[in-house]
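Chain IDs A, B, C and D follow the sequence of writing; residue 1 opens each chain.
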Amino acid sequence: MFEKFNKERSFEQVRETAKRLISAHGESNAQSIALKLVDQYERLDARQRQVFFDFLSSDFNPDPAKVKAMADAYASDPSASNLIALCRQTEPRRQELLRRINRAPGGTKAIVEMRKSLLPMLKDHDSWRVIDADMHHLLSSWFNPGFLELHQITWESPAEILEKIIQHESVHAIDGWDDLRRRLQPDRRCFAFFHRQLPKEPLIFVEVALVPSISRDVNVLIDKNSPVAETKTFKTAIFYSISNCQSGLRGVSLGNFLIKRVAQKLAEEIPTLKVYSTLSPIPGLTRWLEAGAPLEAAEVTAPLKRKMEEARRVLGLPGRSWSERIKEGWCPQTCSDREQKALMSLGAAYLKHYTTSRQGDAVANFHLSNGATLHQLNWAADLSKKGLQQSAGLMVNYLYELDKVEEQHEAFSKGKVTCSRSIEKFI
Amino acid sequence: MFEKFNKERSFEQVRETAKRLISAHGESNAQSIALKLVDQYERLDARQRQVFFDFLSSDFNPDPAKVKAMADAYASDPSASNLIALCRQTEPRRQELLRRINRAPGGTKAIVEMRKSLLPMLKDHDSWRVIDADMHHLLSSWFNPGFLELHQITWESPAEILEKIIQHESVHAIDGWDDLRRRLQPDRRCFAFFHRQLPKEPLIFVEVALVPSISRDVNVLIDKNSPVAETKTFKTAIFYSISNCQSGLRGVSLGNFLIKRVAQKLAEEIPTLKVYSTLSPIPGLTRWLEAGAPLEAAEVTAPLKRKMEEARRVLGLPGRSWSERIKEGWCPQTCSDREQKALMSLGAAYLKHYTTSRQGDAVANFHLSNGATLHQLNWAADLSKKGLQQSAGLMVNYLYELDKVEEQHEAFSKGKVTCSRSIEKFI
Amino acid sequence: MFEKFNKERSFEQVRETAKRLISAHGESNAQSIALKLVDQYERLDARQRQVFFDFLSSDFNPDPAKVKAMADAYASDPSASNLIALCRQTEPRRQELLRRINRAPGGTKAIVEMRKSLLPMLKDHDSWRVIDADMHHLLSSWFNPGFLELHQITWESPAEILEKIIQHESVHAIDGWDDLRRRLQPDRRCFAFFHRQLPKEPLIFVEVALVPSISRDVNVLIDKNSPVAETKTFKTAIFYSISNCQSGLRGVSLGNFLIKRVAQKLAEEIPTLKVYSTLSPIPGLTRWLEAGAPLEAAEVTAPLKRKMEEARRVLGLPGRSWSERIKEGWCPQTCSDREQKALMSLGAAYLKHYTTSRQGDAVANFHLSNGATLHQLNWAADLSKKGLQQSAGLMVNYLYELDKVEEQHEAFSKGKVTCSRSIEKFI
Amino acid sequence: MFEKFNKERSFEQVRETAKRLISAHGESNAQSIALKLVDQYERLDARQRQVFFDFLSSDFNPDPAKVKAMADAYASDPSASNLIALCRQTEPRRQELLRRINRAPGGTKAIVEMRKSLLPMLKDHDSWRVIDADMHHLLSSWFNPGFLELHQITWESPAEILEKIIQHESVHAIDGWDDLRRRLQPDRRCFAFFHRQLPKEPLIFVEVALVPSISRDVNVLIDKNSPVAETKTFKTAIFYSISNCQSGLRGVSLGNFLIKRVAQKLAEEIPTLKVYSTLSPIPGLTRWLEAGAPLEAAEVTAPLKRKMEEARRVLGLPGRSWSERIKEGWCPQTCSDREQKALMSLGAAYLKHYTTSRQGDAVANFHLSNGATLHQLNWAADLSKKGLQQSAGLMVNYLYELDKVEEQHEAFSKGKVTCSRSIEKFI
């Protein structure tokens, strides 16, 4: 009873502080009030935060009647004054509240953390989506690539930062400090975006291997006992891993800019580099195979249709789930040629034709939308448990040709996926 | 003929680039396009920039009919979806264009410069106010005090920065490098806000004198031959000058935060400091005297009315302009006691009662709105040409009591100006 | 045959380069020649280096006849000219050679490395001691504490540096990165001296624990799972480990200055700290016990003589070696009170009376010579294998009283060891 | 009376401190004692410093009898032990005292300042030359180029540093901040050596102009209103001024290393640079002319002898002093062709033949000894007052060919000056 009273009072405190923060005309003193708000928010428990999100999502919306009046006025006279007044009326005051929170030391971080705890609850609280929309809008503006700093991560970086790289690597796990040290030797590079307001937090990082030619097998790249290659052999940069560190920045475009900035930086530093490519998993492949490898009619030519029918038959699709197959001993090394051919065909079809649809492969979608092209499909390229389970051991190289990415991006946005011949021949 | 063609074509180029920048779905490649836009814009001549501003102000506004439809939908069902859709529809696409320009290296600076050239033309181009509104909106968000860095300016600062301090000091001009050096000695301090995107540009700076007690005379403070005071005499910090360096940031709140951050920083560094005050000009005073020292009836009590009548009579107001009086030899040192008393009374009335009105004194309005109080009116405190002409030689101390600024700010926002007794007694 | 020829030729090269380096009058171009010398030296194999050291030790010595003539001249007329000429003649040209090597980038490091490989061979090559003497002379001048930089080692330090801390800790081994991280938490500190010419090389470092009172048990201090203490409990700084990283700097005084600089720095940062003490091993103790715990007659009073006789009897000294005793199960926890008392008595006698002799305990000698005092002898304080073997599990606190170190140091240099009463009572 | 007593007592204090500093065995605590010594020394007045220098020069010399004994021992047995003992005995304890002073924060600077005040008094105090010898010996070791840091001086450098550049420029005076700014534009460069112990003090700096071809006229280079040249025109680096800032470092070799490091740095940064040359005054020329342009017989061939006779006759040498001639209107622009030819001949003879003698031109000696060659003699190249007075308006280019400097240096050290043909033809 008493505890409940306390809890409510502490939500009350945050609400009062929020109201004071937003009401202070002339915005004088916002900084100290914002600091208090951040502090009070951080002390709320899970239940109180829900009450706070209810408050945030309901108390700062524009007045529908006023908005309607302004919209009417703008419709009858689209003057500068009417537009300015309309914008001012329509923007939720929540955005101004967030901008004022952002004035406090640590304010930016607090908002990123707030959104991190908000996001997983959105599906159960539809009304909170307005909070998320406002946060996403502002964070996109503040984490604009023009405001980000690219830093190379090396063995001279602070241990504190390196520790976070180990922790956030989400594609090919880093097995402790010795593994990390290997990934920072001269023939491996790691770059991260940082923001001044979160100085010790990498936002997103990419790992690159400098190799003679396009890699087909990721195991070689992440082998911590491999010898360090000499500088003169660096011809190709393989982006073999890209990981986000801040879930509170979900949907804020970072990866695309990171890859291009890094490619540019490497090109300046290492004139022998001529090719920029990824070596990527196909995380949605087996799920699609298990669903029977569906494609919409429009995308399927007659020859492709025949090939896919044959492949489905050879693999017995949909049939058993991929994890069952693995449990029963399925692995790329023991596949027959027919099976291999069938899988490669379906993999190529999936990447080329399925990606443009909404449920397409997230990784494919990311790189193709960045303006990369489908370059090469690699058999038995990732034999890790995750690699077999999600991608049937396949990996794909997306090629970044810096002078063509813009054009490719436009083609992709119109539904066209550019493939190399080596991929085309599977389809 | 040929030249005209060229010019138009080069505006055409910017327009095409702007359209490409805004249309690129998925925002891939924005950085290189933005860079091109900035470059092309900078090559436009004055006439072409006007065409560009016409384009910017007309082509990126929301569709009135669609906005109206969304506003209606939101009015009948104020759901999250409807609000999010409404906001997306209403925000001028110009803001997204500016955010994308901001991705280019130098993008922020380009926008600040663009606004700098836009502002003086607004009065003749009402429709461009939508550009200004969008720029102000975004710049306020990006130059949020949370994103600014406070740096002390010392004799160890880069000459490049110091040169800009000399150039932008707008209250008490700095007479070359020796004068500047004196203003950076231990008993004088200078602090500026910087932003990472404009690393060599002070945005705004404040100069502070550390003295035993509240200064009444600015000539002492800016005397470049004065001896340097010892640390143990530092009891009072006098903010004697504050200057903006970026006219493209007009209206973005910086000064208020600067003064408070500096006061806080000084308090931490110098525990003997107990008082924080300004020594400020009253730039609108003589203009008001020349207009007959008008006050609205509501503000004037009977005794004040009598005092002001008497003062107007003594000074012969409105009468000749102040510059004529100065030409004829008027100066504070030769005023009679009656004249002095009359001027002090009117000065106090002006500051206390006229400031809250729209045409009030800009400096008074700034400090009182920050939460400072009217502390002391000083006779013959600024005998420079500008000081006599604008302020009749008067200066005023605004007192910053850090633990009361919030309360004072609220009182001021309700129209109440807090004065010390020494000021009250003149009224 | 052919290989031998090559080898000799490559020593020949170094010799030629060395001769050119030393002969270049006016010292023009020394930098490029020095660079070559360093490079050539580093390629020598072990055998060639010996030849090189023979050359270094024999070809750069002053001419005995000339020195004698100068000394005679100085003896008959001790004028400025004669002294200057004498000094110039006497100083081995080897020193000038080393100074010129030092001009090359990496020259300092090369000399430190050269000495590192020279030192272990000195006992078999008496003539090389002149090389060592010159190197020690110059390195002492260059690694003067005035030229050293004190840096705190934190979890934000480069991994590259931290790796070397792990590697060089020689008192209480660091068990990997997690152990290190614990030793860098707020209640533990680590400081190292660096030199600009060896920027990535800690020269010597000390580890400090901030605790409520003087620690008696090192196991508590180095427990990597211990909770981090709060700032307000920091009353006592325990220097629990000090390690040299550069064997090439042997004999160059670093530790004494490090401890005092760190104590001073901690005193400034943490005003609650009042006591500065070590918790140190007694590495020579058991060896002395095994030799029968000898003391010179002059040092032994009659009561002490009796006590020691009794203690030797109780412990059966000299008797079996300490490692045998440990093998047979000896450990402090199972000792009888009489044994404990006997060991504590002998430990105290060893520290107080044996230290001043040449063969005394190195650690005791180091701290007492720095001006610390013998404060407390701790039973069962280090139960590690090394602790039992060398120190019979005993540890001792040396107390640093900053305002008394100078006086204590002088007393010690006259043979007097200052003890607390708690130590005295054992003797 | 009383004051004198005080003064003497304060010298007494320094003496006591110096004795304590040198006597503290084991060197414990040297840092705090050294700090006190520096502080006490700095408070001495001019008279007391003389007493202190007397003390320094007399109390720390090696004992002649002991040195003699050691020298005898070494002469009869040149063993390692005897050499080490001899060196230890011979080195004045003053050096150890200075090394210990150097341990104090600010110790290095104190020694440099001490020497600065010592140097001008040496001619009247022959016995103090032992102090100077020891200081020079140690400072040369500590200001070894391996320990110096090369920094470019730019308009972004701290004003505090720039101010010292203005103050110490001793070849072509810098006329205020605007002049300095011009000398730091992209086609002009300035580099200085710094030492970590004197962080805000440039030790020596060089100014460089980047031009299309070897400059003949310094007025063009130092014209503060000249337009800034474009990068693509940078073919030749002209070192047009080099100035020492620390007279306490006199005789410590810095300039030679500075020029070579800068040439190397420029070569790396600007691949179009092919030629490195100076444009230098000939400061001893007119003094030599006034003395009748003497040359030793050995250097003069018959044709040269005739040429010089003729030139002396044309110019009326020795005749009136150069300053009288200037007063009477002499200037290069109004010279007859015969006079010009005569002066160029004598100038060339002076540089080629007189430089190697002891009283030769300091600037010529510096560059030729560095390994540069005499490249070109320029008429009417420096029309400043100083240029006319010292060099009769002539200037000379010394050419630095980086791959030949070593060889040229050796030739010069054997008395051979390498000239271009354009110089040879004047002789």
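Methods note: a residue touches a chain if its C-beta (ideal position, glycine included) is under 8 Å from a C-beta of that chain, and two chains touch if they have at least 3 such contacts.
Note that this is a predicted model, so its numbers are computed, not measured.
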Going from chain A to chain D via touching chains takes a minimum number of steps equal to 2
Farthest from chain D by Cα centre, which chain is it? Let me know. A
Express in whole angstrom the distance between the two chain centres, defined as the mean CA positions of chain A and chain C. 53
Counting in whole Å, what is the centre-to-centre distance of chain B and chain C, each centre being its mean C-alpha position? 62
Cα centroid separation between chain A and chain B, in whole Å? 41
Touching at least two other chains at once: which residues of chain A meet that condition? none
Considering every pair of chains, which are in touch? A-B, A-C, B-D, C-D
Considering only the defined contacts, which chain D positions touch chain B in the complex? 155-160, 162-163, 176-177, 181, 200
Note: in the complex, chain D contacts chain C through residues 24-29, 31-33, 57, 61-62, 64-65, 67-68, 70-72, 74-75, 78-81, 83-84, 86-87, 90-92, 99, 102-105, 107-108, 126-130, 133, 137-138, 140-142, 144-147, 149, 196-197, 253, 256-257, 260, 369-371, 405-406, 409-410, 413
